[in-house]
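Just passing along the structure, written as structure tokens.
All chains are identified by letter, namely A, B, C and D, in their written order; residue positions are counted from 1 within each chain.
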Amino acid sequence: MADVFTTIYDWLTGLLAGWGASQLVIDLVMGLLGSIITVVYLLTLALVIIWVERKFIGRVQDRIGPNRVGPWGIFQNIADVVKLLFKEIIIPKGADLIPFMLAPAITVASVFLIWAAIPYARTLIGTDVNIGVLYLVAVSSLGVMAILMAGWSSNNKYALLGAFRAVAMLVSYEVPMILALLVPVILSGTLRVNGIVEGQGVWYVFSMPLAALIFYIAQVAEVGRSPFDVLEAESEIVAGFHTEYSGMAFAMFYLAEFLHAFTISAMTATLFFGGWRGPFAQQYPTLGIVYFFIKTFLLYMLNVWGRATLPRLRIDQIMSFCWKFLTPLALVLLVLSTLVDKVASILLEDVVPNYYAAGSLVEMLPRSAVLLSVNLLVGLLAVVWIARQGRKERQRLAALTSPAPIERQAAR
Amino acid sequence: MSEWTFIALLFVISLVTPLLPIILGRILGPHKPNAIKNDTYECGIETVGDTWVQFKVQYYIFALVFLVFDIEVVFMYPWAVAYNRLPLFGVVAGVIFIVTLAEALIYAWRKGALEWL
Amino acid sequence: MIPLHWYLLVAAGLFVLGLYGVLARRNAVAILMSIELMLNAVNINLVAFWRYLAPEALNGQVFAVFVFAVAAAEAAVGLALIISIYRNRQTVIAEDVNMLKW
Amino acid sequence: MTITPVTIAFAIMAIFALGGGLGVVANRNLVHAALFLVLSLFGIAGLFVLLEAPFLAAVQVLVYVGAISVLITITIMVTRRIMGITETINRQWPVAAIAAALTLVTLGFVILSQFSGQMPVADVPPDTIARMGAAFASHQGYMLPFEVASVLLLAALIGAIVVARD
């Protein structure tokens, strides 16, 4: 029983073949079954993580959190779903009905689709397409179009303004994200997501910590959570692009946000934290699913912690941070690490014959050490630079607020 | 091809699944529209003028810079896949490509196109 | 396996739709969208010929990627021109932009 | 022609592509036209998958749906004020329709006379993407076009910023 998933899969396909089904019918039935399982599991997961998040944030803010429905309030979400089902979905005057209704569905679908290419365990992955990483990026970029649709079709100034703002921010953060995503591809030499996991004898977060950091920050911004939650800054643009949504239609945006927060953690865990890798996960794939969920959950709690404690940044600060810090940092990191890595592979040719070996911890150590030192150097430079910029900015602000020296003399 | 069957099926199902509760909500929920409820929400004040007032061009500039970066990074992906077997010369070719990208960023920065005004 | 000419017919249909849009629409953005359709028709042709005639060569795919780059550049500059014209002359109708006409 | 699942998939994708294209040129509401463009681009991505070029399909979704359509939609929304006008087709549309129809007839004739019929088809080598990457970075391959493309995009960015911000 080392590999439950393959056993079940083989048993089901064998059963279907025994009934005389052709390969096509088997593919269709298994695909249908797989997608229904994926969707149902994600919806259940959403109920759980929304409860966990509310409880956790409650504790952080010295509250109890939901505690009425069921023990520790775990049925609160089910009550909320029932409540939202019986709420009126208001369609505002002048709304464009079909895009208005499609937008929340597309937002949710763009999150669901990401899970098609995330490996839970060595043998359990929806589909290991040979362009996996690009698939992940392409699918998650669908949400941007849905936000524009929602903002435009609501026929509301705040919604449209919020949509423009959200789109400007989301597309901006896609740039450092896809730049950082090049790193796992370079290190593993494949676009297959499972290939990237198999290549992580040393987790990529240890050989390229800066890339992992850039990726995670950009992904948190893609979800639009604190400190990047200007998408729905109440004091400025009401609720942003979903101002006019109510009832179940609003609930879909809400669902998509929470699931997306979990999904980015799963993506980071897969691409940088070794995914299902852990002791004995190669021999017993069933263990892999445990490791995967532990890693994902820890990263998710990091996200929730940030959401509970960090204040909201201003939109101009967010955009400056993306274009003037994260993107240049990602570019410098890419240039330096690829060059140094290639030169090191040539210099060390006699000492380390298989420099590019992937998969085993010992063989990957030389390359990881080289890359880690490049990362530390770039990280140090970035910290020094940002400290200098911060000092300049503080001096500028101090000069603006305190009275000028000449005025002080005159007063004396 | 069977892997794409799964993606196609998941695509359909993940579009239909969120639409079901929305339709269910339309059926189960009350449906009593009136002029005030359906009016555009603007913090209780009656809306002034057309929704589609002119917006500033800055949103557009960000999308524009993003478009150029997006397509350039797409060029980098095949290069990244082949990286391990490239000679130093090939890596330098990729680096020149990235440096050109950085020039675009520097230009946009110097021009003030990246300021949120 | 689907015959090659089916793909070519779809591409031709798309190209013709784009052609009609370019000639008949008045709005500059709509004209640009029609041009995108025509470029996509070209891409379908490139990829279809690559797949059916020379799948082991790279030219078809590489060419398609370069078409993407050109389409992106065209969209960026074209839309910037439209924005600029709109800001200066308050119009996006291609026929009203007749500064060079006499 | 027997009906196989691939044929059905092809038919669906072709309908998306062509129907979306029709929506783009025929719809009077420009935002709807842009949404139809997205539909059409999706259909084309599906055709790329059927042609066993999944890399191009992903790039199609990433670049066209994720970036170019967004840019087009933003432009439409930014220049929205004067778009209350209903007339979106110009006076020469019958000429345009005739020209388009003639082109279709010519293209259809050429395609059906030259390319119809089954032909032997080889398999796609599995490592196309890696070979493409290697070709981008070698001087026997496509290194010059690769670098020129980056310069082209740099020029496009500079031009677009200058024009849009004047």
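By our rule, a contact is a pair of C-beta atoms (placed from the backbone, for glycine too) under 8 Å apart; a residue touches a chain by one contact, two chains touch by 3 or more.
Model, not experiment: these values are computed from the prediction.
In this assembly, C is the chain whose CA centroid lies farthest from the centroid of chain A.
Averaging the CA coordinates per chain and comparing them to the mean over all protein CA atoms picks out B as nearest. A comparison of the B-D and A-B interfaces places the larger number of contacting C-beta pairs at A-B.
Averaging C-alpha coordinates per chain places the centre of chain A 15 Å away from that of chain B.
Annotation: 33 Å between the Cα-based centres of chain A and chain C.
Averaged C-alpha coordinates put the centre of chain B at 21 Å from the centre of chain C. Those residues of chain C in touch with two or more other chains are numbered 65, 68-69, 72-73, 75-76, 79-80, 83. In chain D, the positions touching at least two other chains are 6, 54-55, 59, 62-63, 66-68, 70-71, 74-75, 77-78, 129-132, 136, 149, 153, 156-157, 160-161, 164. Those residues of chain B in touch with two or more other chains are numbered 4, 8, 52-53, 55, 57, 59-60, 63-68, 70-71, 74-75, 77, 80-83, 85-86, 91, 94, 101, 108. Pairwise, the chains that touch each other are A-B, A-D, B-C, B-D, C-D.
The residues of chain C lying in touch with chain B in their complex are 65, 68-69, 72-73, 75-76, 79-80, 83, 87. Residues 6, 9, 49, 54-55, 59, 62-63, 66-68, 70-71, 74-75, 77-78, 80-81, 129-134, 136-139, 143, 146-147, 149-151, 153-154, 156-158, 160-162, 164-165 of chain D touch chain B in their complex.
Interface residues of chain A, counted against chain D in their complex, comprise 24, 96, 99, 129-131, 134-135, 137-139, 141-142, 144-145, 148-149, 152, 160, 164, 167, 171, 174, 189, 191.
Contact residues of chain A toward chain B in the complex are 27-28, 30-32, 34-36, 38-39, 43, 84-94, 101, 104-109, 112-113, 116, 126-129, 133-135, 155-158, 160-161, 164-165, 167-168, 171-172, 174-175, 178-179, 182, 185-186, 189-191, 238, 243-244, 247-249, 251-252, 255, 315-316, 319-320, 323-324, 327-328, 331, 334-335, 338-339, 342-343, 346, 356. The touching residues of chain B, counted against chain D in their complex, run 1, 4, 8, 50, 52-55, 57, 59-61, 63-68, 70-72, 74-75, 77-83, 85-86, 89-91, 93-94, 96-97, 100-101, 103-104, 107-108, 111, 113.
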